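Listed after this line are the structures, all set down as C-alpha cells.
Next come two complexes, and both contain chain A; in the first it sits with chain B, in the second with chain C.
What follows is the complex of A and B.
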C-alpha cells in the first residue's frame, strides 16, 4: 500500500502559523515529515534605513510572546555595534525582566499550550477528588489548588461543560485518545493547575511590567541602558518584585515541578514522548546574568548526544540556506552576508487523510521544491537543536553547580536514565528544570542589584552615532525557546542590514541541500500514529519544542537593495 | 441657556440612555442561551468571583466607559448576559501580542469570567483542537451562529496579489479568504490591535507583503481597537460596550471607540505637571529621569497619541511606558512606525517621516489629522524650547 499523507494545519496552541505534513506507511509509521511556516511578514526588510535606536522597538514586534527577547536583542545588537557597555544596574535590570519572561513563558507553555497533549480533560470527570488531593502530596511538599474542595469545584465545572456540549476552547479535541496515560485523579490535578496557572501567568506578566511599563511589548530598554530608574530607586517597587517573584517560584516548585515529574512517571513507556531526539546536536549560549561576572546557564555545543565533551561556539560557523524555503537565493550564508528574496511556489493538489479517516482533496507542499517560509540555519553545516533542553544539557555536561543537582533530582524522582533527557519528555522536563533554576537562583541578580544601587545609581551610558562610520554588531543569547541571535550593520547613521536567527528557525526549518532534516522533522520520522484522523502524537512532539513561528519567519536582503523595488511588485519583482 | 437648563438637559439625556440600554438588555435576555440552564450565580461562584468582587469590577468598567455610576447594575447585567455571544478570534499576520494582552485581563479572576461567559468558539492560541478539527470548529461556528457572533481579528492581512503570504488550513485558504468569510455573517467586527486596525508593523514602509487593515478587505463596519498591543482593558471594555448598546459605539475619525481613544496620552499624563513647569528629561538616566520629569525631549509621542494609557495603565494598573521612564511611541496611531520615528527624538523638531525623506506621509495620514498634529507639534516644540530658557531650576543642580 502506498504511503498516505496526513496534514495538521493549523497546529494550534502555538505562536504563529505552522503546518505539519507527514507520510505514513501501511503501519502508520511516519516515513517523512515536512514542517511548513505559512506566514511571512518581512520585519528585517522593514527595519532597514531606519534609525538604529528604533531597531529594538520594531524587532520586538517579531513576537508578542517572546516579547522581551527580541526587544533586548535589538537593543543589545546596536550596543555591540557601537561599542557601548551599559552600566551594571541596567544589565541586572534586564536580567530581572528576563527571568520574569522565562518563568511566565514556561508556565504558560506547559499548562496552556502543551498541557492538553498530556491531560485528558474528559477523563478528569471520573476522578475522586479526595483521592486526587491525597495523591498531590506524593509530588509536592505544599501542593497548590489541589485541596479536596478545590478539586470538587473544578470537577463540577468541567462536568457542566461536557454535559452541555458547549466546550468552548476545549471543543473537538482528541479526548479519549489511547495515548493519554494519566489516571482520572491525575488529570483532575493538572486541570486544576491549568486554571490556577491562568492566574499565575497574569502575576508573572506583572512582574515584567513592573520594570517594563507593560507586558506584552515592554518599553523601558534603550540603547545604552534602561529607563526605569525611578522604579529601581523606589524600595517599595523592589519589594513588590520580591513578592511577585516568590509567587512564581512557589508555583514552579509546588505545581509545575510536581506535575512534570508525575507526567514523566506515567508517560515513560509512551513512544510518542520517549523516542530519541531526531537531531542529537545541541547548542546553547550563556544566559541570565547573576552578578558582575556570573551567568546561570552555560554556552557550548554537544555533538551526537555525547555529554563527555562540550565544544565552544564559533559564531563564524553559523549559516542559513534556503534550498527548500520560499526564497530565491539558496546558498548557505553567514547572517551578516545573508540574502533573502521571496519566491513563493505554493502548494500542489493531493488527497490526504481527512478528519474522519477517509481521503479528502487537499493542498500539500511540494517537498521536492520549496515548502516553507522558514530558512534552514546550520552550524558548521550541521543541524542543531536549540532550546531549554540544549541549555540544560550543556550546563549539566559542564558540571554547572546550580544545574547538576536539579537534573539529578528529576532523574532520581522519576527513576529515568540520563538517556531519557534526549527525548520529547526530556524537552518538556528541561523547561521545568530551567524554571526551577531561575526560581532558586534568580534572586542572586536581585540582591546584587540592591547592593550595587547603594553605591552606584547609573542606569545609562551616553553614546553618539557617527554618520560617517560603518558599524556591525550582534546579540547572541539564550531566550525561552533557545539560542537567539540578531545581526546588524549600520551605515550613514541608519540600519543598513538586519538579520535575526531565532530558536524556532533552528528547530523548525525544512531540509537543507544535503537532505539533512531540522529537529521538528527529524523528531517525527519513525513515530507511529495510532489514529490518522486524530494525530495527537504529532502535536505532542511538535508542542514539546514550544513553536514560535512568527519568530522563525524573517527576511533580510543583501546590501544596497533599493527599497523602491518592492513598490513595483511586492510579490515576485524583488530583483536585487 | 443657563446652567440650570443645561443640567436638566443632561438628566433627560441620561434617562433616555438608561432606557435605551435597559431595552437592549431585555432584548438580549430574550435570546436563546448558548449554555442552557446555566445559573449566573453558580457560574460566578465556580470562577471564584464573589458577588462583591463582581460588582466592584462592574463599577470599574462603568467608570471606564464614561457612564454615570447609576449605570453599574446595567453593566453587571450585560456581563452576565454575555454568554449569549459566541466569539470567533482570527489570527492573521501578527505576533500574538494582542491575545497575550487579552489573557492579562485584570480584576480578580476576570479572565476566567470571560473564558466562561463568552463562548470562545475559535482561538488558535487557546483552543484544544488542531488541524481539520480546528477548521471544523470555525466552519461550525460561522454556520451555527450566523449573524450572532462577534468577530475579533488580530493581525494585518496580506491581501490581493500578496494574499498567499498567509495561508491557514489543509485547503491552503488565504488569511484574506478566512477573514472575509468570517466577516460576512458577523454581528459585530472588532479589529484588535494596531495591525488589524491599520495594517501595523508589517504594513510599515516598504510593506513587503502588501499587508492591509481588516477594514480594507470587508465592506462591513469595523471597530478599531488599536495599540501594540491594546491594553487588556480596552479589549474587554469594547466587548462590554457592544453587549450593552448592541450598536457601534461612538467612534473617532479612525473608527476607534471614543470612550477609550478620545483623549491624548498627554492630557492625563502623570508627568504633565513637569511639562507645564518646563522640567524635562534631557537624556535617559540623568537627574531629571530620576525625578520623573517630562519625557517630551527624549521623544515622547504622548501629545500626538489618542489613548487612555495614562489613566488605565497596563497589567492590572501595574505600570505603563511613561511610568517606566520611556516616552510613548504612539502605537495606537495609524502608521506610527513611519510617522512617529525616531522614537527617542521629539517629532515636532522633524519633518514627518524623515526616515524616508517624507515619502509616504501624504499618502498614509489623514490630512486634517496631520494639520492638527503639526499645529500641536509646533506649540509643544516652542514650549519645550522656551522652558529651556526659563527653567526655574536652572543653576540649582
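What follows is the complex of A and C.
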C-alpha cells in the first residue's frame, strides 16, 4: 500500500505559520516529514539603507514573543560592528531583562502552549481533589495551588467554562487520546497550574518590562548601553524586580519543576516521546552574564550525541542554503554574504488524509523542489539542534557546576538514564532545567549589579559612525528557543546587508542539498501515529521545540461567525 | 474612567499593521478632552500575552486589529463588544496560535477582563514584499475607523479635537520608532 500523507497546519500555538506534512506507511509509521513555513519574512530587506541605530527597533517587531531577543540582537550586532563595549552595568541590566524573558517564555510554553499535549483536561474533571492534593506533595516541598479546596475550585471553574460553551484554549483538542498517560488527579494538578500560570506570567511580564523604559516595546536598549539609569538608581524599582523574580522562581521550583518530573515519570514508557532525537548534533552559545566574567550557560557543539567531547564554535563555519527554500540563490552562504531574494514556486495537488480520516484533495509541498520560506542553516555542513536541550547538554558535558546538579537531580527523581535527555521528553525537561537554573542563580547578576552601582554608574559607551568606513559585526547568543545570530554590514553610514539566523530556522529548516534533514523533520521520521485524524504525537514532538516561526500575520480569526451585524456601514454609520 | 485604545498588528506586514499604525495616527492627529476620564494609547504590536498586565489596568478597552470574517472584502470595518460577539473562536485542532483573541480569552478566564470593544478591519494581503506601504483599501477605511472611535468616545464623554492633519501613510513610515504622546496614564 502506498504511503499516505497527513497535513498539520498551522502547528504552532504561537506566532507564525508552520506547517508539517508527513507520509505514513500502512502501520501509520512516519516515513517522511516536511516542515514548511508558509510565510515570507522579509525583515532583512526592510532594514537595508536605514540608520543602523534603528535596526534594533525594527527587529523587535519581527515577532511578539521574541521581541526582546531580536531587539537586543539588533543593538548588539551594531555594537559589535562598531567595536563598542558597553559598560558592565548595561550588560548586567540586559542580562536581567533576558532572564525575565526566559522565565516568562518557558513557563508560558510549558503550560499554555505545550501543556495540553500532556494534560487531558476532560480526565481532570473526574479527579478526586483530596487525593490529588496529597499526591502534589510527592513532587514539591511546598506545592502551589493544589490544596483540596483549590483543586475543587479549579474543577468547578473549568466545568463552568465548558458549560458556557466558551472552551477557549480547551476547545477541539484530542481529549481521550490513547497516548495521554497522567491519572485524573495528575491532570487536575496540572490544570490547576495551567490557571495559576496565567497569573504568574503576568508578574513575569511585568518583570520583563521593569527596565524597558517603555511598555510595550522597550526602548531602553541603545547602541552603546542602556538608558534606564533612573530605574537602576531607584531602590524601590530594584526591590520590585527582586520581589517579582522570586514569585517566578517559586513557581518554577514548586510547580513547573514538580510537574515536569511527574509527567516524565508517567510518560517514560510512551514511545512517541522517548524515541531518540533525529539530529544528534547540538549547538548553543554562552548566555546569561552573571558577573564580570561568568555566564550561566556555556558555548559549544556536541556531535553525534557524544557528551564526552564538546567542540568550540567557529563562526566562519555557519552557512545558510536555500536548495529547498523559496529563494533564488541556492548556494550555502555565510550570513555576512546572505541573500534574501524570494522565488516562490508554490504547492502541488495531492490527496491527503483529512481531519475525519477520509482522503481529501489538498495542496501539498513540492518536496523535490522548493517548499519553505525557511532556509537551511548548517554548521560545517551539518544540521544542528538548538534550544534549551542544546544549552543544557553542552553545559552538562562541560561540567558546568551550576547545571550538572540540576540535570542529575532530574535524572535521579525520574529514574531516567542520560540517554533519555536526547528525546522529546528530554527536550521538554531541558526547558524546565534551564528555567530552574535561572531561578536558582539568576540573582547573582542582580547582586553584582547592585555592588557595581555603588562604585560605578556608567551605563553608556559613546561612539561615532564614520560614513567613510565599512563595518561588519554580529550578535550571537542563546534566546529562549535557542541560538540566535544577527549579522550586519554597514556602509556609507547605513545598513548594507542584514541577516538573522533564528533558532527556529536551525530546527525547522527543510532538507539541504545533501538531503540532510533538520531537527523537526528528522524527529518525526519513525514516529508511529495512533490515529491519523488526531496526530497528537506529531504535535507533541514539534511543540517540544517551542516553534515560533518568527513573524506573525496578526488577524483575529472570527471566521465562521456571523459578524455581519457588527459591520460598520460607511454611509449610515454604526449599525449596532 | 480609564480608557485604553490598544492598536494591534505587525507593522512589517503592510495592512496587517493597521491597528498599530492607526493608534499612532490618532495620537498624532487628535487631542482627547475629557472631564473625568483618561485616554491612554498603546501600540501593542503583536505582543499578545505580554499585554495582559497593561490591559487589566483599565475600565474600558478598545482593541484595534485586523480581523477575518465571512463575506467580507478588504477595507470593511467592524465594531463589536467582545462579550456580545459570537463566542466561538477557531482554535484549529489543538494547534492554534496565541494572539489577540486568545489573549482576551485568557484574561476572561482569570475573570478580570475590562469592558472590551473590538474595532476590526479586513486587511488586503500583500504577500511578498516587506515595506511600510498600505493598500488603498485600508487607507480608505481609516476615515470610517476614525468616525467609529470619535462616536464611541463621545458616548464616554470624551471629545476628540484635531490638532494637526496627518495621513496614515506618513505615520506608517515612522510608527516603529515614534513616541506616543497620549501614553499610559495609569
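By definition in this document, the second predicted complex is superposed on the first by the 539 of 576 C-alpha atoms of A that agree within 3 Å, B and C clash if a C-alpha of one lies under 4 Å from a C-alpha of the other, contacts with A are read in each partner's own complex, and residues count from 1 in each chain.
Everything below uses one rule, namely that a residue touches a chain if its C-beta (ideal position, glycine included) is under 8 Å from a C-beta of that chain, and two chains touch if they have at least 3 such contacts.
This structure is a prediction, so every number in the text was calculated from the model and none was measured.
Asker: Looking at the overlay, what does A:419 touch: chain B (first), chain C (second), both, or neither?
Answerer: Neither partner.
Asker: According to the stated criteria, A:85 is in contact with first (chain B), second (chain C), both, or neither; which is it?
Answerer: neither
Asker: With both complexes superposed on chain A, which partner does A:213 reach: first (chain B), second (chain C), both or neither?
Answerer: First partner only.
Asker: Between chain B (first) and chain C (second), which does A:130 come into contact with in this model arrangement: first, second, both, or neither?
Answerer: neither
Asker: Of chain B and chain C, which one touches more residues of chain A?
Answerer: Chain A has more residues touched by B than by the other partner.
Asker: Would you sort A:202 into first (chain B), second (chain C), both or neither based on which partner it touches?
Answerer: So A:202 meets both chain B and chain C here.
Asker: Scan A:514 for contacts with chain B and chain C and give back first, second, both or neither.
Answerer: A:514 sits against neither chain B nor chain C.
Asker: Of the two partner chains, chain B (first) and chain C (second), which one does A:352 touch, if any: first, second, both, or neither?
Answerer: first
Asker: I'd like to know which partner A:43 touches here: chain B for first, chain C for second, both or neither.
Answerer: both
Asker: Where on chain A do chain B and chain C both make contact?
Answerer: Dual-contact residues (chain A): 8-16, 40-43, 45-46, 54, 57-58, 61-65, 67, 112-113, 116, 164, 166, 168-169, 171-174, 195, 198-199, 201-202, 205-206, 209, 214-217, 342, 344, 355, 539, 555, 563-564, 566-567, 570, 574.
Asker: If you look only at chain A, which of its residues touch chain B in the complex?
Answerer: 7-17, 38-43, 45-46, 49-51, 53-54, 57-58, 61-65, 67, 112-113, 116, 121, 153, 156-157, 160, 164, 166, 168-174, 195, 198-199, 201-202, 205-206, 209-220, 222, 224-231, 233, 342, 344, 346-347, 352, 354-355, 362-363, 457-460, 462, 494, 533-535, 539, 550, 555, 563-564, 566-567, 570-571, 574
Asker: For the complex, which residues does chain B have touching chain A?
Answerer: Against chain A, the touching part of chain B is residues 34-38, 46, 91, 93-101, 103-106, 109, 111-112, 115-116, 119-121, 123-137, 161-162, 164-172, 175, 200-202, 204-211, 228-229, 231, 283-286, 289-290, 292, 313-316, 318-326, 329, 337, 341-344, 355-356.
Asker: Within their complex, state which residues of chain A touch chain C.
Answerer: Touching chain C from chain A are residues 8-16, 40-43, 45-46, 54, 57-58, 61-65, 67, 104, 108, 112-113, 116-117, 161, 164-169, 171-174, 195, 198-199, 201-202, 205-206, 208-209, 214-217, 342, 344, 355, 536, 539, 551-564, 566-568, 570, 573-574, 576.
Asker: Chain A touches which residues of chain C in the complex?
Answerer: Result: residues 8-13, 16, 19, 42-54, 56, 65-72, 76-80, 85-102, 105-106, 108-110, 118, 120, 123, 127-132, 144, 147-148, 151, 176-177, 183-184 of chain C touch chain A.
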